[in-house]
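Each structure below is given as structure tokens.
Okay, so chain A shows up in both of these, paired with chain B first and chain C after.
Let's turn to the complex of A and B:
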């Protein structure tokens, strides 16, 4: 059975009397321990789907089910322990006045999980950060290190689903590869399910089993990884997107 | 303590990779202190504040005379008269002793004020900014109403209702001056409310109370602290004004503002009666302003450098 099922989802923002339909009638399903990609240009609604799952965007139609259950609104404690998100910009997603220790132990404190000390240490070593970083502030870390902290934070509650919102687009190329490999390793070790957004097909190709191509808030085409490798797209849009990043995929 | 022991303590405090939470916190405090020590103006502010605290604590031992006993033969003696360094006022009371005792009242006013108005304003502003919508509308309209009143008039009305007295005067000042704090805090809250780090803590299941107290307020604190230290001088003066109108600190208690009011009559012939307490207010306000500015730098970990 699919772990995440999204059926006919629409998201509409209302701003100053204007309606912006960011996502229109998108359906997808992600199996347990699968890695699923959402790809498209800026403004195609891919990040909005992730935010809608987290309750950060106004859902105007359709249903979202996790593990067969429709999710509560507002999202409860159980949801937090099942689904976590890694944000795009590691410079904006860590509290600037909290130490790494505080950032990582906060979810444990909220959920009343004991043994915070040992868990924080383990979390740091799991994402490949030295223990000495524990009491530093985010401004003392590089972008890649911050994103590792953000990943560690998302995993503190041991969720089964990780939503990744362009987790590497703010990082430079070598750090990008390191971070993606870290994510792949963690997924293999912990049996995580990824729902990952990117505008970069090379990243998606490296990470995902299946991918949904989106444009203007609508789903265009769903592709298997094999189809991606052999460029068997049915629609023109998917083909042009593929052409735009093909040269870098061959390198990788 | 030997030099060696203090050396190893410093090294323990400066350890870039602290082993425990306590060490990290003490280390941060130590670095903050070092940062502050590099700022001479902040150190002047700190010295003035510490001096005020010491003077208030040891007033009975420091004051050469009783601040309340009148001595009409000695009235209006100029500064540097024998036994009266700052001269005497129109009832022959020693001005230096009155200033020394008055520091206690000033300090109490300041402490009571900082514990009420900024705290309340901070809570109202962050709650309004965080929740938005109707909560924001209602809280901010109330804030507007308080902002629109002239401070002293509203304080007067409140004191007349509550009855004259020292605590009531401070309470009235607090009630009339929390609104700018609410405005400042709301503005800061609006800039952080939609940030990713707030979204992420919400996603981790934190309650609104926890988010506001632990995540929003730390971002608003620096501007509120600056605002509070800038308000200190005004607060002392409004307290003095209320005292002058017979609604605040009651004579013969030695309150600085009231001493200025009393010296007003003699300003041209006996200038020292009003000037000496005026200087005291000036020095203390300056001290708080400098300290506040230094504190802002210390409270911001980003100014620590790598």
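Let's turn to the complex of A and C:
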């Protein structure tokens, strides 16, 4: 049975009397311990799907089920223990005036989990940060180190699902490699399920087993990883995205 | 013909923690060609670009044996002479249109400001020229964009507006500092081909600064690879795949490829003896 099931999901924003249909009738399902990618250009609605799962976007139609159960609105404590999100920009997603220690221990305090001290230490070492970073502030870390903290924070409650919203697009190429390796290692160690958004097809290909190509809020085409590598897409849009991908450029 | 020559450029900052050298002895020369500067954050690539325009404020210091642009000694030029160069002969496109355009001024007014102030042009003439510049960067509806505020434009449109703005005075040298990093891949390809066409048609020199080695290789004639303020390797873009230096190879290999192996991506070794 699929762990995440999204059926006919629509998200509509209302602004100044105008309707913006950010996501229109998208369905997808992600199996347990699978890694599923959403790819498309900005405005294609890929991040909105992640935000809708977390209750951060107004769902206007369709259903979202996790582990077979429709999710509660508003999302409760049980949801936070199961699903966590890592955001694109580690410069914006960490509280600038909280130490790393406070950022990491807050979810534990909210959920009444004891043993915070040991858990924070272990979380830092799990994402490859030295223990001395614990009492630093975000501005004292580099972009890659901050994203590691954001990943550690998402894993504090030991969720089974990680929603990754462009986790490396604000990072340098070399730091991106380190972060992707970290995510893959954590997925293998903990049996995590990933739902990952990126505009970079090469990153999605490296990380995901299946990928959904999106455009203008609609699902265009779902591809298996093998079909992506051999360029067996059926739609023109997916093919143009493939052709524009940076790693094709050297051969082109 | 050499348009710009830089010899032994050093940029340093006096900080509370002591002297920080951001650029440590960079030399290069540039004709009417496309030069790429690649490196990670903190490698000094942006500082190198800004030094050419002398846009580094105290406590930052620029030193160089020689920095010459079209016969003008940039190290000795007065502030007034530098101001005459900036924008008109050497232009710079910044990374993010969100932060580089004036948020409370309509795009049209920003485009016309320079034409009116610097060239003393009349309103109608400046407007016509601004619209032509927007059309040159393939904005389909220039009249509407002229009346828009920057927040009403997408990232790709904003970036094109900035390129249009820089190209109005027809500069001889364009310094583009990560002009496409904030953009989607599909939009990125579009903006690059616009830049490419403009550079070729107008015979400009271009310094293209980026952290994306593959992008630079496709787009430039020559590439400088920088690490910790030094140039570690200089090579023709077509020879990039035959790069000798371990750092250049590391930058190339750390990017995932479609259909590539699933094993962990190779990291960069920053501890070897060349790294000091």
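Simple rule for what comes next: the second predicted complex is superposed on the first by the 246 of 252 C-alpha atoms of A that agree within 3 Å, B and C clash if a C-alpha of one lies under 4 Å from a C-alpha of the other, contacts with A are read in each partner's own complex, and residues count from 1 in each chain.
The working rule: a contact is a pair of C-beta atoms (placed from the backbone, for glycine too) under 8 Å apart; a residue touches a chain by one contact, two chains touch by 3 or more.
Keep in mind it's a predicted model, so treat the numbers as computed, not measured.
Looking at the combined model built on chain A, do chain B and chain C fit side by side or clash?
With chain A aligned, chain B clears chain C, so fit.
Classify the contacts of A:4 with the two partner chains as first (chain B alone), second (chain C alone), both, or neither.
neither
Report, please, how wide the angle is at the C-alpha centre of chain A between chain B and chain C, in steps of 10 degrees.
After superposition on chain A, the angle is 80 degrees.
Once the shared chain is lined up, is A:123 touching chain B (first), chain C (second), both, or neither of them?
The answer is neither, since A:123 touches no partner chain.
What is the contact status of A:230 with respect to chain B (first) and chain C (second): first, second, both, or neither?
Only chain C is touched by A:230; chain B is not.
Return first, second, both or neither, reflecting whether A:93 touches chain B, chain C, both chains, or no partner chain.
First partner only, chain B.
Check the residue A:139 against both partner chains and state whether it touches chain B (first), chain C (second), both, or neither.
So A:139 only meets chain B here.
Check whether A:178 is in contact with chain B, with chain C, with both or with neither, and answer first, second, both or neither.
second
Looking at A:85 after the superposition, I want to know if it touches chain B, chain C, both of them or none. Which is it: first, second, both, neither?
In the superposed model, A:85 contacts chain B only, not chain C.
Quick one: minimum Cα-Cα distance, chain B versus chain C, in the superposed arrangement, integer Å.
Chain B and chain C, overlaid via chain A, are at closest 9 Å apart by C-alpha.
For chain A, what residues appear in both contact lists, the one with chain B and the one with chain C?
On chain A, the chain B and chain C contacts do not overlap at all.
Applying the document's contact rule, which stretches of chain A touch chain B when the two form their complex?
Residues in contact with chain B: 54, 56, 75-77, 79-81, 83-85, 87-89, 92-99, 101, 106-107, 110-111, 130-132, 134-135, 137, 139-140, 150, 153, 156-157.
For chain A, which residues count as touching chain C in their complex?
41-43, 142-143, 172-178, 180-181, 184-185, 199-203, 205-207, 228-230, 240-242, 244-250, 252
Show which residues of chain C lie in contact with chain A when the two form their complex.
40-41, 154-155, 184-189, 211-215, 217-218, 240-241, 250-251, 254-260, 262, 264-268
Considering the complex alone, what residue numbers of chain B touch chain A?
It is residues 16-18, 21, 24, 27-28, 195-197, 199-207, 210, 214-215, 218-219, 300-302, 304, 306 of chain B that touch chain A.
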